[in-house]
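Multiple structures follow.
Look for chain A in each of the two complexes below; its partner is chain B in the first and chain C in the second.
This part shows the complex of A and B:
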């Protein structure tokens, strides 16, 4: 019953989306407003229907309606309340419904915001959005239907993947998908610009904030994913260059490049072709990411499942890329730039270099991700590309990017004079060198660590220089200190939001560097009462207890931690879920600004007399999360509407 | 002024799409093992009946090493009859079939063996050392070791009669 109702609504939504897309396109061609209005109504209908589908599925989860196959496979009577909600998007079919719902939501926001005021581009953008939405609804009806009858109705369901029973899983997919789907809107406007031939600056201005919103959510999704990996998976890391992590990281890189290159087009009327290409590339990469996770083509811990869905996605990816690039070829003659590069020492060239580096990083990540496939296709040899490759290639690129973060925002447009360079960079460079020297004096012998310190201090100093100078200018016209600083942040929120994001990246860079350079770990087997020692901490094994939870059984170890005085008890565990083949590790940790204590329980004797543990002291990892919070705050500041320009 | 070459731009996407399409022909279950071609890590365990079981003593035979567990439903249950048949047909032809029972309890493990009539040696791996040495990713996984004691192949997931035959026959034809 529930399944039929949901399936019916999905079918109607699909029909409406197809109709709306065609009507919007026809309306745009003929200029008939009635058609466009009709398309808007269709879009509203799609939104209402997809929302109802989503609500219906959630209701089925909450009421344990096992007559729906998806509910029966992803929840059971023991699943706690919150995880019954996250179970809705915990597997393939539900993730597509969430995705479609977000697309429908973005379509409605697009209609509300741009219906008036973007007359030429809007209808085509609407048609593109509805076309993409139609594809996802097609997936929901044909390849991965969330509403399928389960007969006979089982007494209990299978249960959610236990690794997903974590609060991070409530927010990580939501943020990530809001980021992924968010890039659809800039793409839709880019398509509209290409179709109408208005590839000037209108579409950029329209999509600028959309892009920051998408970028904000994508960043948030990546950060929460890192946090989940760190505190759930139990290997003590936050990033593994897994193909699917890469799939989310690539659009982030190209999206970041786009956010910067937009500024050159706005200011100097350059890089039109480049900007359009970046948007196509970013959207293409978000599709590629969905394809990777759902096709089973590349083995990964994140992979959902396999089946016809992969072929469907590949077909759609081909359609999107060929159409978009075909349109670019068709409009080739209109891409002439008005401005040109005046000097190598200028803000334009700093931004250009930033773009080249970001795209190069995206390319190396792409190359590393598909290389196993390429190797097998060409040479018939199976290989796996691991973290060493990605680190080796990307660390120099990222370090250069961090350095450019200091140069780009301060150097003059067109041509920087020696005076301009001296005025902006003398102090920061000096401080950077001093930081490297200080690190050396404190005993840091790793070249990479010293370089990272120098670069981050240099960039932080340029931000400080800019901010002090701007504040001083406001003080001179009679404002007092705090209102002057607050006013700067709010009035020029895009510029200073950007600076805050940069600060966040600096903090993250320090955290990544610290965790790589200074973390230590060991693995050992302890008898009850015995003590292991690592980096000045002592871990005493006090014993094991067994606990029966609503949907699993767990064995909890108790370890007293001390460093001279007792710091507390860590309780890592192993959880045994009846539906899972292998037990799931439950990590216990103590976070600190300087270092985290991180404890994983391995094998143990059933009588509790001994246990094998993995101990880690992870340095500076907390700064990654702190930097992440700073970064997202900065992005939020940049999203705020631009205030009227004064001063 | 018609510039035909610009229509080459969309073609840039084609190689990537073709490569991804090629990916459908592969099985993601074929997880590459760095052990293939290398000497098989040795082990000395005790079977569930308490008899010693050492890999080195079977040098000169083709060894099929199967990692399993009684809680591994359905894959281990699917492949168990095929393993029993393989043992019957190959035990007199210079093939040794060895089961390694991982992360399991002795009682359900014995029940499993009785149920499927497995008579080849099966040993628990209490410390998990052997499964770590072989890089076992999940159960069931099966390794094929040649007469010279080198790992020659690995299969992830349930084996079938055909898989065992296709892997074992070529190794039997080699002179060790």
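This part shows the complex of A and C:
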């Protein structure tokens, strides 16, 4: 019953989306407003139907409706309430519903915001959105139907993948998908700009905040993913260059490039073709990411299900790219008459270099991710490149990018004079060199660590220089300190939001550097009462206990941690789920600003007399999460509407 | 030199540096996927391999005190003796698939530096035997755990 209802609604939504897309396109061509209005109604209908599908599936999860196969495979009677809701998007079919729902939501917001005021571009953007939405609904009906009947109805379901029973899993996919789908809107407007031939600045201005919103969610998704990996997976890391992580990272890189190159076009009428291409590339990469993770072509720890869905995505990706590139070729002549670069030492060229490096980073990630496919196709041997490749190639790129982060916002437009350079960069450069020297004096002998210190301090100093200068200017006109600073942040929120994001990146860079350079780990087996030592900490094994939970039971170890005085007890565990073939490790940790204690129970003797543990002291990792919070706050500041006028 | 030429030269320099970095990165960190049969056919000591196969039932030995793990990996046609220092991962076990990273040693065994256990996507109903196993484990732990 539920299955049939859901399937029926999906089909109607698909029909409506196709109709709406065609109607919007026809309305745009003929200029008949009735058609566009009809398309809007269709979009509203799609939104209502997809929302109902989502609600229906959630209801099926909450009521243990095992007649729906998807419910039966992703929940069981023991699954706690909370995870029955998140279980809705715990696997492929549900995540496609979530994706479609977000697309439908964005389509509605697009209608509300741009229906008036963007006459020429809006109908085509709406048509593009509905076309893409139709594709996802098609996937929902043919390749990954969430509403499939299960007969006979089982007495109990299989249960959610235990690794997904974590709070990070509510927010991580939601944020990530809001980011992925968010880039559809700038893409839709770019397509509208190409179709109408209005490749000027209108589409950029219209989508500016959309892009920041998408970027904000994508960043948030990546950060939460890192946190989940760190505190759930039990290997003590937050980023593994796994294909699935890379799939989300590539559009982030090109999206970041786009956020910056937009400013060049707004200010100097340059890079029109480049901006359109970046949007197409970013949107294409979100589809490619889904293809990569869902097709099973590349082995990944995320190990999602395989099936026809990969082919569908690949076909759609090809269609999107061919259409987009065809439109670009068609409009080729209009891309002429661009502004010219006046000098290599200018803000334009700093931003240009930033873009080249970001796209280069995206390319290396792409290359490394698909390398096994390439090598097999070309040489017939399967060769993969792992984390060392990505680190080795990307570290110089990222360090250069961080350096440019200091240069770009302060260097003069068009042509920077020697005086301009001196005024802005003398102090920051001096401080950067001093920071490297200080690091050396404190005993840091790694070139990379010293370089990172120098660069981050340099960039932080440029931000400080800019902020003090602007605050002083406000103090001179009679404002007092705090309102002056607050006013700056709020009135020039895009610029200062950007600076706050940069600060966040600096903090993350230090955290990444610290965790790579200074973390230590060891592995050992202890008898009850025995003690292991690492980096001045002592871990005493006190014993094992067994605890029964609603849908699993776990074996919990108790380890007293001390460094001269007792700091507390860490309780890592192993969880046994009846539906799983093997136990799952449950990490215990103690976070700190300087270092985290991180303890994994690897193995234990059944009589509780002995336990094998993996213990790590991870340095500065917390700064990655702190930097992440700063970064997202900065992005939020930049999203606020701009209020330039009043002083 | 005009601005355009400077840009082109800059572009070539960046592209060149990038190509070199990728080339160096690939040659230094390439890992070859092999099966036990392929490894047996032409083992090169010291080369980085990723070896995939199944853990032969009855071959697994685990010494918790010294963290020595040894087992035999098979692909049906050939077998490779493997040694590893460290706790086996959660999904690792006899009769299950595993992918190992490491190298072939001159002493005639594969030295694994990383073990990735393969998660079977196949759903297995909780059968009575394992249920009983869990209960028993629960009981022993309750009785003697503290």
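Just so it is clear, the second predicted complex is superposed on the first by the 642 of 647 C-alpha atoms of A that agree within 3 Å, B and C clash if a C-alpha of one lies under 4 Å from a C-alpha of the other, contacts with A are read in each partner's own complex, and residues count from 1 in each chain.
Keep in mind that, in the parts below, a contact is a pair of C-beta atoms (placed from the backbone, for glycine too) under 8 Å apart; a residue touches a chain by one contact, two chains touch by 3 or more.
Note that the structure is predicted; figures quoted are calculated from it, not measured.
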| item | value |
| --- | --- |
| Clash or fit (per the criteria above) of chain B with chain C on chain A | clash |
| Touching partner for A:322 - first (chain B), second (chain C), both, neither | first |
| Winner by number of chain A residues touched, once chain B and chain C are compared | C |
| First (chain B), second (chain C), both or neither touched by A:360 | second |
| Partner chain in contact with A:158 - chain B first, chain C second, else both or neither | second |
| Partner chain(s) touched by A:603 [first = chain B, second = chain C, both, neither] | both |
| Partner chain in contact with A:544 - chain B first, chain C second, else both or neither | second |
| Partner chain in contact with A:418 - chain B first, chain C second, else both or neither | neither |
| Partner chain in contact with A:583 - chain B first, chain C second, else both or neither | both |
| Chain B versus chain C as contact partner of A:392, first or second or both or neither | second |
| Chain B and chain C footprints on chain A, overlapping residues | 299, 303, 382-384, 581-583, 603 |
| Partner chain A, residues of chain C touching it in the complex | 3-4, 6-7, 10-11, 14, 18, 21-22, 24-26, 28-33, 50, 62, 64-65, 67, 86-88, 90-93, 96, 99, 101, 116-117, 119-121, 123-126, 130-131, 134, 137-138, 140-142, 144-146 |
| Complex contact set, residues of chain A against chain C | 73, 158, 299, 301, 303, 305, 340-344, 349, 353, 356-357, 360, 363-364, 367-368, 371-372, 381-386, 388-389, 392-393, 396, 523-525, 543-546, 548, 553, 555, 574, 576, 578-579, 581-585, 602-603, 605-610, 612, 614 |
| Touch list for chain B against partner chain A, complex | 3, 6-10, 12-13, 16-17, 19-24, 26, 28, 30-32, 69, 71-73, 103, 127-128, 138-139 |
| Residues on chain A engaged by chain B in the complex (per definition of touch) | 291, 295-299, 303, 306, 310-311, 314, 317-318, 321-322, 325-326, 328-329, 332, 370, 373-374, 376-377, 382-384, 581-583, 603 |
